[in-house]
Each structure stands twice: as C-alpha cells, then as structure tokens.
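Each of the next two complexes has chain A plus one more chain, namely chain B in the first and chain C in the second.
So, the complex of A and B:
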C-alpha cells in the first residue's frame, strides 16, 4: 500500500498540498526547494526522460547537461527515513544478505530498491572517492537492474595528470550515457549546465560569507536541509533559484535583526551529516543553549569556478578538489580555516556508523583542534538507523561539551 | 624465506600491503619487498587511533608498527585500496613510524584509460623513489625484475592449478606460507617429497575472503575436507594477470597487475570478477565454499552477495564466517565448519 504512495498521482497531490502550505516553512527558500525536489522526484517516477542514478559526489553537471533525470539513492534514503520507511527497507536489505556493517544509507537504499520504492534506473554512475561502499552498492544495483554502470575512478592526488585521467573518464561517461540512453550529446547543453553550476556556486559563496557574520541568522538545523542541493543539484536551474532566495532571506533577516537565537552563546562547526530522524540534538544545542551550528563542512565550496571552454577538465578539478581526498592534512587544514572564518568555538563531528572515510581520521583532527584550543566532540551515531540513537547518552555528551565550551570561555 | 620476519635488521626492506603493489619496481630499485602481514591478535593501541568500525587488518598493521613488531623498513609502498588503507597512510606519516610512505593510486578498472594512467603513476613513483633513496633505475633492470618475478609467479601459479585440479596435495596453511615466501622473493617450491598423497573422497572447498586465516584452512582439513582454491589477498589474488607486449615496462606492469585475479575493490570490473569466479567453478570440482568476511570490509561485504549469487546458481552451498583478525572465535567457527561439512556430506 505504502509503495503505491510513490505513484506520480500521489506525488502530484503531495506537491499541491505542499504548495498550499507555504507558511509551514520558516524559510521561503526551503519551501521552494521542497517544491522543486518534488518536481524532480515526480519526473523520475513519470519516466518521461531517462533516469540516471548517481552517488552524491558525482558531478551532476554531466547529468543535467544530458537532460536526464538524476536520482541519488543516498539522498532518497534520507528522505525515506522521514517517511517512516526505514524499518521495512532495512529488513528487505538484510533478507538479501546486505550486511549490517555496511553504511545504513546504502543498506536502506538497497532495501528501498528491493522493496520497489525507487524508480528503475536507465543507467547508473558513481565516483570512487570518499566512500568505499557507494560504488559497490550502486554497481550491484546496476547489475540487478541489468543497466550500464559507469565508475568515475578518482585518484587521491590532484595533479595535472590526475585531472586529465578524471577528465577523460568524464568525457567517456558523457558520450557513453548519451549513446546508451539514445540522447544527443549536446555540448551546448553541458555548457549551460556548467554556467548554472557556476552561478549557483557564486550564490553559495555569498551565502557562506553571510553565515560568517555575527550573530547567525539561520540555525544549523535549518541550514542542513539545503545540503540536498549540495549533493544533487549542481547544474540544475532550481539550485540557482533556491540559493538566490536563501541569500535574499538571509540579508533581509540580518537587516531586520532577526537572529537565529535570542542570545548566541557559542558558534559551532558541524562535520559530516546529521541524523535524519527526529532527535533532540539541535534542540539541546540551538534552542536550549544558544549554541548555534553556524556552518556545515558539507557546505564548503571546495572548487574553483568551472571553465565553460574546458568542461570535462574543470569538472575533474572540481572532483579532485574535495578536502576529503589525499592525506588528512588537507581536510584538517580546511576545517581549521572554517573554524577561523566562521568564528567557531567548537566542532562537532557526527560519527555516522558505517562511514569509514569520515570517522577513521578523527584522532588526527582532534589533536589538531586541541592545538588550536578549539573544543571538539565526536558524537557517535547513525544518520539513518534510529535504533542506534541513545537520546539520554547524547544529551549527556552534548551538555558536557557545552560545559566545556563555557569553561573555556571563562578561561 | 622467513628471514626478514621478526626483528632482524635488514637495510633493504621496503614494506607493502596490497596485492596490487608492483613488486618488480621494488626489486629493480634494489630493495627487498616485505609484506606487512601481521600476526593475528588484538590491537589495543591502534584502537586509540582508529574508530571502532574500521578494518581489523589495518588496525593490526598499525598495532604491530606501534609495538615495533615489524622489521625496520626504509619506507612503504602503499596502495590506498580503501578508506582504511588511506587512513593507515595518514597515521603512518603523522606518527613517523618508519620512512616515507609512497602512495600509488591503482585504478578500479581494467581499460585503456586505466592502463595509461596507472603506467604513468608507476613510472613517476619509481623515479621519485630512485631519486629519494639515491638509487639508479634502469629500464633493463626493471625488465629483468619483471622476468624473474614472472617466472617465480608462473611456477606458483602452475603449482596452485595442479593442486586445484587434484593432481597434487599440500596442506592449505603450507600453501599460504609458500605464497608468502614466494612473493617475498624466495625461490622455494614444494619439492616432490613435501606434498603428501592426494586425499580422495574428501570434500573440496573454495575459500574466499580478503585475507583467509591459515587456521581456518587447518580447521577445514581437520574436519575432513580440503581447500583447493583460496580466492584471497593472501591466496590466488597474488598471481599475475596477462600482459601482452609493451614497449614500456611500466605499461607492461600496468597490464599485468590490472588484469590479475580481481579483488572486489575493482568495482568497475564486477563483470570480470563474476567471470573469474565462473571460470574457477567450471574448471575445478568444488563441493562447497567458505567465505571469510573481514569485519567492516565494504568491498568484501558486497562481494559476498555476488559470490553467493554465483554459487547459488550452481547449487554450491556456501558458509559465511566473519573474522576480526584477532584469531578469536575458533570454537564457534569449528562448530559451524563441522556442521557445514556434515550438510555437504548429506
């Protein structure tokens, strides 16, 4: 029955209901983003154009440049948690031998696909960087659906020859997808997508610059919602639209002195993702304690403006520019820069169970932050599986962290 | 060739981990490659540096380095085959455990783009190492190292294939030892007297996993079966692939390593991995399989699904056991292995 809830008719009905309830959204930009996301989901289910699954680190400009409908199973997993589908889907995955030690984003995605919730892909693309399980899981899905799978193999380094290697693969993927899906590989459309990506990037840089100002006007819990664009929307027209709206609202609220908290006590930086089921984390931090999450590592713009005349090469540089690649010094330096730029007194890393990439190097980061006298909390948990959430323990740890921050201020 | 193990000082050792490491370059530079394959055991010190959800083999490597249990090496030639290995490289450098860490990206597919890129990287790293250590690297030396390594590995391959075909027999644990000795440079091969009579009427098993512990092979034999193929990073994945004529030794090596028995990390080559398994299953009589999944190994955890699908298609039963590189849980494994073999006998 619930599977039928994903029919185009129901999605359109939901869209109309959302459209009528704009006041339920504290930010107009959020409202706009939800409407656009629903449009995109509806397109995927209506299948008027080919649907290409991708991981969240794939440069989606390629997909928007091909005018296909991108679909990110990892992002859909986060959405499915909110819709209450997690238990059923996780059970479906377990029944198909998907082990519980695998990242729950991918276990859930596998389960949702097996249970018939996802739109069938016409092709699957994935990068190899930052996450070991994404390419494994997406390759398995492509195989299961009998669809082509293209891996973008990303080296750890970002020298010219590495960029050339990635660029050549991107070009190959662009033309191969066009061939497989019966599309015309239109370079002008790709350039247009890259142009939109550049404009969205410019707006996000302005948004981030605004968020550096004191005090904050948007709470971390609200800002986290916009990660959907960061992970799926580069090259789409709506990304630019939503960022423009958000920037306008940030400026208006700052002008009107509508602050994120009546009294901003601490400024925090958030690393990795957040749980997608209801928790008290942001209530404890932002509402009860005035500790505002002023920035998320995932919102960091790590790449330069893309070159319209060298689309594949500049996209390769974008991919290789991620702070999580290469040795840990790179990520640590990026985080230290963020701490300084955003005037953060503390850093919280949400250690999502199943993510080897983000959690394994935390000891070195912790030591680097300690040397800079920046408080650090490594908060263990799971973004998807609410059964791994221990509310009491989380509160205790957050309160201890806040006491530490207060004590540091006194000294 | 166990001389380099233990704590005996050897000025010429260069450490490596992954079966995609081009040992020929190490030898051509005049080093002796030393595989960092630590003994099974707990890793309490490494646990302080790594998160709990990380590959226990990688933790054991760090533990043994921290405890000074590896012989001193002049550096590491490290393939960042997964996130865990990348983080091992981070810590190795940060803690200044021994010598520089030479990182060489190995593509996750075997195609012309990958060969081209990999061969360039091989040459670059080889020349950087030569410059750093003040050694000369001539192409002729590299071709010679390639030829010697080829002969050694071809002999190992021939022996393993004979064993898989049931023409010779050697205890599984001894086979793993021979492979380790062989890749560390020994030319010791089982002499005719070393093997014992080929056991007849015993169940023939395929063992799979990232690293298959030798005591699992002992367990299988004690329970009355034999392991005939070990599809593992300390087993058949050490064997070479096919390399056609290439002008450059680096291009030759790129072909040789990218086409070797595929590890599950070669994610763009799932079709080749599937065909490799199908080939093994059609060439050799396999009555059952045991998959040893290393805890938190994403590639292995997903490969298990592929392997199970292939075995199910052929009606070959498979037992999955999970390991954490501590050597614990032997009693439970033993019971499960015995029950599995009992089921196969029925």
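So, the complex of A and C:
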C-alpha cells in the first residue's frame, strides 16, 4: 500500500513544495541537490526504468553506466530518520529477528522495506569491503524480493594485484545486470558515466581545497548533507551539477567574507558519519563555541582519476583505494594528512553503534593523534537510533573537549 | 579579598563551595531532588552563611555539573571535567589522573601542570560503573548504602558478577542470594564490577600515578579498595571528595578575576 502511495501526483506535489521553499536551504547547492534527489527517488518509485539497490561503497558508475535507477537503502534510512519513520520501521525489523547489535542503518533499512516504504528492486548489488553487515543485509533484501544479488568481493589487504580480481568481477556484474534487466550493455554509456564521475571528482577536489583555507566558509553541519552525493552519486549528471554550484557559492562567499562563524575559534575534523535525528551537537560546536567542523573524513577523495579506456580496472583501483581498507596504518596516515591539510586542532570520531570498520581501530588512531598533539574525542552514539543518544552526556563531552582545546592554546 | 563561589549541580547532590584567596572557606551539600536553580541557590546561601560572607562580596560564580546550564545567576559554566581536574590539582599538585565516580556517571581525567585537562573518558549512557549502580544494588540487597563498602571489604572472596548492566546484575544478585552466597561476597563482587568498568576507562586513557579519586563513591571503601587492587596503586582521597568539582569551579571563578 505504501509503495502505491508514491504516485506521480504525490511525488510531484512534494517536489513543488520543496521547489517553492528555496529560501529554507542555507546553500543553493543543497536546494539543487534535494530537488535532484527527489527526482531520483521519484524514478525509483515510479519504476519507469529498472531499480538496482546498492550499498554505499559500491562504485555507482556501473549503475549510471547501465542507465538504471540506483537506490541506496543506507542513504534512504538516513532520510527516513528525518521523516520520523525510524521508530515504526525499527520495530518492524525487530519483529523479524533483526538483531539490535548490528548497524542501525541496515536494521532500519530492513524495517523500512518490511513496512513497505522502499521501492521494489529489480536487482541488488553490494561490495564486501568496510561494512561487514551490508552483504548479509542486502542479500536478504534480494531474497525477500526474489531478485538477483551480486556481491563484489573486495580483498581486505587491497594489494595492487587484487585490482584485476576486482575488475573482473565488476565486468561480470555489469554484463550480468544488463542481461538480467533486459538492457543492452553499452560501453559508451559506461564511459560517459566515468567521464561525469571524473568531472565531479575534479570539482570535489577543488571544493576540498577551498575548505582548507582559513577561515571556514561552510559549516560542518551544512557540508555533511553533501555526503549523499559521495555515497550515491558517482557517475550521475546531477553530482557534477551540484558540486559546480557549491564550488561557485564557496568562492563567492569567500570573496564576500561571509564566514561560517563570526569568530572561528577552533577547526575540527569529523570522522565517520553524524546522527540524522535532531541533536545539539553542531549547535554546541559551531553556533555556541565557534568550533567549525572544517572537513569530514567521508568527503576524502581517495582515488585517482578514472581511465575511460579501462573502466573496470580503474573502478577496481578506486574501490581498493579506500583508506578504510587494508591495515589501520593507511586510515591513520590519511587522517593525519587531513589534520595537517585542514589545519585542524581537534578530531571528533562519531562511534556509530555496530559499525566495526570505523570503531575497531580507534585505540591506534587515538595514540597516533596523541603523538601529533592533536586532541581527539571519541563520541559514542548511533546515527539512526535516537534511543542510544544521551544529550546531557554528549554536551558534557563536547564542552569538555572544547575546554581542553582552549587550555591547550593558552599553554 | 577575592571571594568566589563554585556550584556543582549533580544528578543526586548539589554542592556549593566558597573560596577566598585560594582557600576553601566553606561548603554545602544538598540533595538535588528535582534540581533546578532553586536548590543551587539554597546551597550557595547556606555555604555563604557558614563562611560568614555576604552574597554581594562574591566576585564570581562558576556553575558545573549536569545542571550547570540551568543556573541563571552563574557568571560562567564549565564542565565538571575541567573543574574536577582543577580542584584535584589544588589539593594534590602532583596529581596525574582523577577518577570521579558520581551518581550517574563516571569519568577518568588525565591532568597536567596547573590542573590542565590533558584527556578524559566518560562512561556511556549506562548506569554501570556509577553510584546509581551501587544504589540499586543496595536496595536489592536491603543494605544501607553507607555500609555496603565496609561489609564488602570483610569478604575473602568475591562472588562473580558477570553482568555490568544494572538491570541484569540485579537479577544476578537475587540468584546469588538464593544460592546461599554470603552477602559480603556478593557485595565484594559488585564493587569489583564497578572497579572493572572504571579501570577499563583508565586504561583506554593511559592513566598515570598519582591518582586522586573524587565524587560521592570515593566515600565507599569497597570501591576504593577494589580500584586500588586493580590499578596496583593507592588512591588519594580528599577529606570531602564530593566537593572537588565545586571547589574547582570556585577556583576557576577566581582565575577569571
């Protein structure tokens, strides 16, 4: 029933309402991104083209190259939290034995699908790297809907010779999806998607370079929203469009001296994701204390430009290039570089419940940052499930962290 | 004379301290109850009376603790982490680590020169490792809260308490009683459970000697002994461990001036 509620009329009405409220968005690029995302969601529900579910680490260039509609249940979960659907959906998941100690993005995604909120997939793809629950979670989704499931097996050690192994699988998935969905595997369309991905990457690198400058122009809370593109939009035309708009706005605001805070007291680096329900975290940091989150680890461009003539191989290198793969030293070095490049005095890691890939090596990271005299705060919580959020404790942790930074500066 | 006040509004008790020229003049501890500024106001007035100081003589008030944001008459609000470090350093200038176990949370703080916070750890959103855990267990075992520590140290062995969850530990304790385990052994096991939790935080932080303990739980000899045993060091316990945060707050108020 709920899937049927997403009629063209309903979707168009929502889009018109959003289109009329452009002033509610702090950045034109955010407004543009929301409109484009709504278009994509509409396409997924209206099913005019095949819908392929994917996890957020799957190289979406493959999907845009096939001209299917990508749909990321993890990203949709974050959106559903904002729409107030989490409680009902988490209960639905719980009724189906979805354990509470797994990542709540996947717990909620399962619940949303079971409750009838998600568009039906025609196929499901997933990578094995970083997120340990994603393959099980998405394989179950494919099974529930009786659709084909393809797993991209990514070796943990990410050695150079593994690129061929990953590239072969990507090629197999590309052609298999085309066959399963009755599409013609068009290499030119794939190359076009790769070209768009390269252009978006170039723009994001420019955006990141601008964010390295002092003082900050965009607040971390605002910048976090653009992670939607990072996790779902590689190969799409709108990603390029939104990044171009954002870059233009950053430059204009810098020229006009419209800073993120009237007085930037501290610069912080944010690791992993943030809670998607309302919290005081960014109010405490950015509004009350002038501590601006100047960069998010998730916005790091970890791959080289893709080779149009070797699409599968270069996408394999992209997948294997993620800082979270291989030994912990790789992620630590990447973070230390970010601290230096963005002039960050402190690092906050949001330890999302059930996320082993991000939280398991925190001790090593803490030690490395200590050696560099960089303050570190590990903030326990859950991006999705607000039951695990303790407002008073979070305020004390954040304020104490800021006091620590202030004292370090005095000494 | 520079006279300042510190207010520490905790979950169970509200503390006020009056300091003049770096010396503690008086203090007052009241139950927080429903909290709010009213209790803080009363604690402050009582502490001022005891010190024979008039309110208008105060040059500054710093509020700390969970209720710090609800004190409109405070000049400044500082977290209890910074205040405990400052208070501990005032009493024990050689302090390197502070363990604070309060009513609803526990913290481990690494302290540097001048009482500066180098790093800290707090317990998660959970009563394990806090005064509340002991309070619930005292009720379940029908033991006076003030007596449970003394009884625990009498036991030769500790009953194993496998759960650190307050709710599960309560049912575990009831089962142990039904099995006929001596009360003292169960109490020792409970104190070990609290200590284990706090020691894990201290280890995450890379604690160093000397260690000062603050907070109401520092009055519980059972927890103190368990921590000393697990850490392999003696703890420095202030004469009034509950007021360390308020003392630190008052000292910070003086530094502002």
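The definition used in the following text is that the second predicted complex is superposed on the first by the 401 of 411 C-alpha atoms of A that agree within 3 Å, B and C clash if a C-alpha of one lies under 4 Å from a C-alpha of the other, contacts with A are read in each partner's own complex, and residues count from 1 in each chain.
As a convention for this text, contacts are C-beta pairs under 8 Å (C-beta built on N, C-alpha and C of every residue); 3 or more make two chains touch, one makes a residue touch a chain.
A quick note: this is a predicted structure, and the numbers were derived from the prediction, not measured.
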| item | value |
| --- | --- |
| Partner chain in contact with A:153 - chain B first, chain C second, else both or neither | first |
| Touching partner for A:46 - first (chain B), second (chain C), both, neither | neither |
| A:301 touches, of chain B and chain C: first, second, both or neither? | neither |
| Chain B versus chain C as contact partner of A:396, first or second or both or neither | second |
| First, second, both or neither for A:178, with chain B first and chain C second | neither |
| Touching partner for A:97 - first (chain B), second (chain C), both, neither | first |
| Touched chain A residues, chain B compared with chain C | B |
| Contacts of A:363 with chain B and chain C, given as first, second, both or neither | both |
| Contacts on chain A seen with chain B and repeated with chain C across the two complexes | 363 |
| Residue numbers on chain A that touch chain C, as the complex places them | 363, 370, 375-376, 380, 388-390, 392-393, 395-397, 399-400, 403-404, 407-408, 411 |
| Residues of chain B defined as touching chain A within the complex | 48-51, 53-55, 80, 82-84, 86-87, 89-91, 93-94, 103, 105, 107-109, 113-114, 116-117, 120-121, 124, 264-265, 267-268, 270, 293, 295-296, 298-299, 301-306, 308 |
| Residues of chain C touching chain A in the complex | 66, 69, 78-82, 105, 113-114, 116-120, 122, 124-125, 204 |
| Complex contact set, residues of chain A against chain B | 96-99, 101-103, 128, 131-133, 135-137, 139-140, 143, 149-151, 153, 155-157, 161-162, 165, 168-169, 172, 327-328, 351, 353-357, 359-364 |
